[in-house]
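Two complexes, one shared chain (chain A), two partners (chain B, chain C).
Take a look at the complex of A and B:
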């Protein structure tokens, strides 16, 4: 029998339902409606406009026909190399917040707990930004989420050191991991957050991550996303961010490995005078696919958004940037900028870029630019003519291309980690 | 130093160099002049190893080695330096990092240790003074946002840092005002020694008032059609290239 589209989703659902994790925070009604949504819509394939270059259904058909959910338990020794020295390290294993592996530190205004431990009033916040009736991957996550992470900074607190959340998956054969986090930054609070993604198991992982982030009035959230999941990983990472009046949100995503990495970074600028900065850098080789989708939704006046995404695609890899900017009717005096720059290192590599601006206000400044090309041969010759060998010259030029993004990482040990992997991948 | 024999080179189907012969010895300064399109820049590009050109005939020996078999980087490591007519801007690569890499790759090629950072910085300081290059420019990206004069001075600064055996200055005077021209020429003259040689490629005689050549060659249609002493440059300046052109056309027909 030829497998139909919906059968692929159904097969996945059946297998996941056999040993679905039990969580308290997700109401049964939500789980049931999420499954219904999935059954109806299916996991998106390339006929879906937003997944034109990222056929998740095909990935599931090819790589995850059977899902065993053979999760590994992890120890401190497994986690130690993933930690960052200057940060408080928190650990989420196969979708579940692991208190035992996390560093305990009493910091004024900081609350860290698992989603199961949420109070009734906190539970209400969940799923308010990541709605399972809007997106198949969010629905999949809602239906099968583990006991993820809740992180809250109370009003007015400045956290003196970075928080580092290590999301690590590990299985001994095919696993599907649904990880969820909720980050709440209270008014006038300020924190730097690193979210790192790893797969240290021997099995293939389909990792479906959903994070809701709320940045309160006059608050500042500086995020770094570090993705180094390796060749056995296929991941979709959805960030649903809502920022408020006078707040500042920034994120820099560094994608250094992963067979398929799809990032959906959606930011709602919900009130006036706030700013969002999204940056990304990837280097891909082999048959890797890196797909960055951003959505910036300017709803209110006097806000600013900046996006800078750069990629280097080697071998037969595929890089995609799709950046959508909405400027709503009320969002007068918006400044929105977007730039995507890419270098193709081989004839077989592919870059897709698609800026989309939808502007409904009349007094705004918006611009977008995109460029894709090969390495600058004039510059290469100039370096060689000074005695610098071909390989060093290429490296110098590619590092120069990436430097402005690497410079955005303000945490030295993370910057070193990125630089090391970046140089290795060149 | 360098011996060019019957050099033919083409780009696509078009033959640009049609049998160049030139012999340059240590301690000498040679000027190559000629009208636009005569092949001056092609000659410098071919010698530096630009891949757009095909050498179809002839040979070039540089310090006993077959130059044409060497990669551009190995030519530089052997001591050949091309001061570009249009220096390339390289955003994100600092001048200092670029030069440190170049200096150390050249040293490595000769089996030498890397230059200690302290010595390197002292050298940068010393050599940037030579062309009156603002020390701030050293830490900026290579040629990015430099004025025309700064770019040309930066070329000579790089030349000073790398201390080549043979420097080819490709239209180094183009786009320079008289002050910048003097600074660049003074820099070149200070670097001159009995062990190195210079080929100055220029359209105008002006630069040769400052960098005085031992020999002047007139290039026309891919060949050296006339050679002489420094007075030949003055003669060309006075008479223009028309006489040479007419003479050559007669021989051709």
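Take a look at the complex of A and C:
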């Protein structure tokens, strides 16, 4: 007799339902249908094509059999070291927007509030992109979401300084944190946004983050994602982005720690003449698993997309890049590029890449390239011949490999923070 | 202008759609253990062979049809297929003159007349042809010349009778009967195919060739090819396929296995031109083929070259398992789809041995309403140090109603590996066309020139005899599909 495996999805659902947060903005019908979807599909495992290299079910079964939801309260002193000097710092703790810890500054055209405070007309926009019947993790978030962050830039406003959203989780034992944010950039607005992810508790965290981003006509959104959640954290970050005519969206993801980091970055280019740029860098060691998953959906003509992802896998870590470019029938004159470069530093490390093109329009230029290898021995020899020790020569080369992406961070203090952690990880 | 040419091309009927009238000796429709026993008995097979078939069949019953490929089609009804049909047996053919004249005519229409082969036999470079005509190998030519060298080249059923020890040892080594749904089906019901054994130290003096042809209506073609290259041997093997025009979809689920020993090399070339269905996507062949080679020992090499222009639905991934140290795998492919054709093709390169190398060059061309996908896996296992892979997949789109897709999987578990993959999708450049036209080359010829140039890397790898046919096929498939 084969013993039937315990259903981890059900176990998780039961535990979460016990002390589910009560939020006003999520309609009950939505919550019920999300739970139903989860019960039916379950948390994805490696049999699921999109999670082939990221077996979430196994991770949850191993690490999150019992969930306590024992969240810690945080004070200003806890948050201070996470802040960025030249930005407006906003804080979301364990899934809930924390106004007391956030910096208050009156900036023309900027609205920041919690999702519960949304007006009826604003509520309609929610879940229009992150649909809970498309992905189990979005469903999980919809069912148990905290009172997340709403950020809106009114039409025509240029925000003079970066906005820094600190998503921080903290628990004293196993917690599951479902964080949600909604970012709305009005037409012709321009803003730089930094989203940082931390875990400062003593317990393990399964962080399930969903963000919907909407970029209006002729607007520009420059995003930086900074992930440094530490060894106790297992996180799935889903970004559902929709960009409009003449708009420009860019995102640079820096993954520096976290036992499991899965990034789902889905961008819909919904109208003509818009641009999307996705970049990412990770360095992993120990038994870390880093999985970057992107989907660029070209729906209309004359758009451009660029992707550049780099990774360095050390020890027994696993790095994955899975990128898909989808060019629909109407998306003529599309230019889409995708590149993934990886370095393996150890025989026990694994790199998986799966760059996909799915193209239904003929007048397009699409290409992808991926390469995986070791440090160039000739370059290493060149440096050694000039009296640089092997260890520092190797570090120099790896830094040069990563520099291209680190340079994309336009905020000096954030760049410094990334560089410092990157060098430490080398 | 361009549309007119396209229209004209689309209206071209399948040139090779004709049926040969030969009485066939058929099994009743359907599939069960009795049918398998019938096939086995009909072919007078030993007990172990029947066991192999039944084991595969029992496995197959528990398997489900794969749905992951980027194709959609009406699933074949496996109980509505005739699993065995043989042309009337004619014994002891001493010369080609004794071959059924109807059959000879068929081959003539295909442009591979046996007479020509025979005539050529006095001259320099030759091709030995093992013809598979609806599941039963009718005639193997050049057998004597090959026999002198010790090369065994015969139909699969003959091999089962005459060389059971070789068949028993190698069959199922590269493609186990449980490998996948169609391989299991083939292992259960295969009727015939080709068998080839190159002994130690022998270089095959000629290119070996099989022409597959599906004839009787409603018969599935379940061929099995087994090629074994012993130490220090070399062979170049050609496979060509055409099928006559039929309205209902016909299923083809073949298995090809290649095994190379130390320092051996096998080059396998395919030109596949089965009936692709008419311009509305009606009819056509389902081509679900499992092809795999194992570089069993050190310094061996397997090279797959394919030109795919036919079939309604193609599902085919010729693969190489690089087990021996310093072994080499190659995959060169041109896949052309037009009208409502669908192709999901590519390769798998599994690096196990040290210093193994593999190269993948795939060129896809889609026109009309077709969908053309490349799906490939490059896997570097732990311990496969200094493995090297280079992959390039290019797609060319002609018209705005077709699709071109790439699904490469790259899994690397060794730090000394160097793996590169690049893919591009584009259409024929206006500037390229302009350049040609400016030099007095008309639109039609310019397209031919550019497409041929685009595929050159692959076509160059084909043996001379095949390259000519392949170029002709490309020209027919694509003439004026672009403007």
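Note that in this section the second predicted complex is superposed on the first by the 420 of 426 C-alpha atoms of A that agree within 3 Å, B and C clash if a C-alpha of one lies under 4 Å from a C-alpha of the other, contacts with A are read in each partner's own complex, and residues count from 1 in each chain.
We adopt the following convention: a residue touches a chain if its C-beta (ideal position, glycine included) is under 8 Å from a C-beta of that chain, and two chains touch if they have at least 3 such contacts.
As the structure is a computational prediction, the values presented were derived from the model and not from experiment.
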So, after the overlay on chain A, do chain B and chain C clash or fit? They fit
Practice task
Could you look at A:356 and tell me whether it touches chain B, chain C, both or neither (first, second, both, neither)?
Solution key: second
Exercise. Classify the contacts of A:161 with the two partner chains as first (chain B alone), second (chain C alone), both, or neither.
Key: neither
Chosen between chain B and chain C, the partner touching more chain A residues is C
Can A:392 be said to touch chain B (first), chain C (second), both, or neither? first
(message) Quick one: is A:425 in contact with chain B, with chain C, with both, or with neither? Answer first, second, both or neither.
(response) neither
Exercise. Touch check for A:187: first (chain B), second (chain C), both, or neither?
Worked result: neither
In degrees, rounded to a multiple of 10, the angle chain B-chain A-chain C between CA centres equals 70
Q) A:374 contacts which: chain B (first), chain C (second), both, neither? A) second
- Query: Of the partners chain B and chain C, which touch A:364 in the superposed model: first, second, both, neither?
  - Reply: second
Practice item. Examine A:20 and indicate which partner it touches, taking first as chain B and second as chain C; both and neither are also allowed. Key: neither
Overlay on A puts the nearest Cα atoms of chain B and chain C apart, in Å, by 14
Given the complex, residues on chain A that touch chain C span 49, 329, 332, 342, 344-374
Interface with chain A, chain B side, in the complex: residues 48-51, 71-73, 75-77, 82, 84, 87-93, 97-99, 101-102, 105-106, 109, 141-142, 158, 162
In the complex, chain C touches chain A at residues 68, 382-383, 395, 397-427
Given the complex, residues on chain A that touch chain B span 376, 378-379, 381-390, 392-393, 396-397, 399-401, 403-404
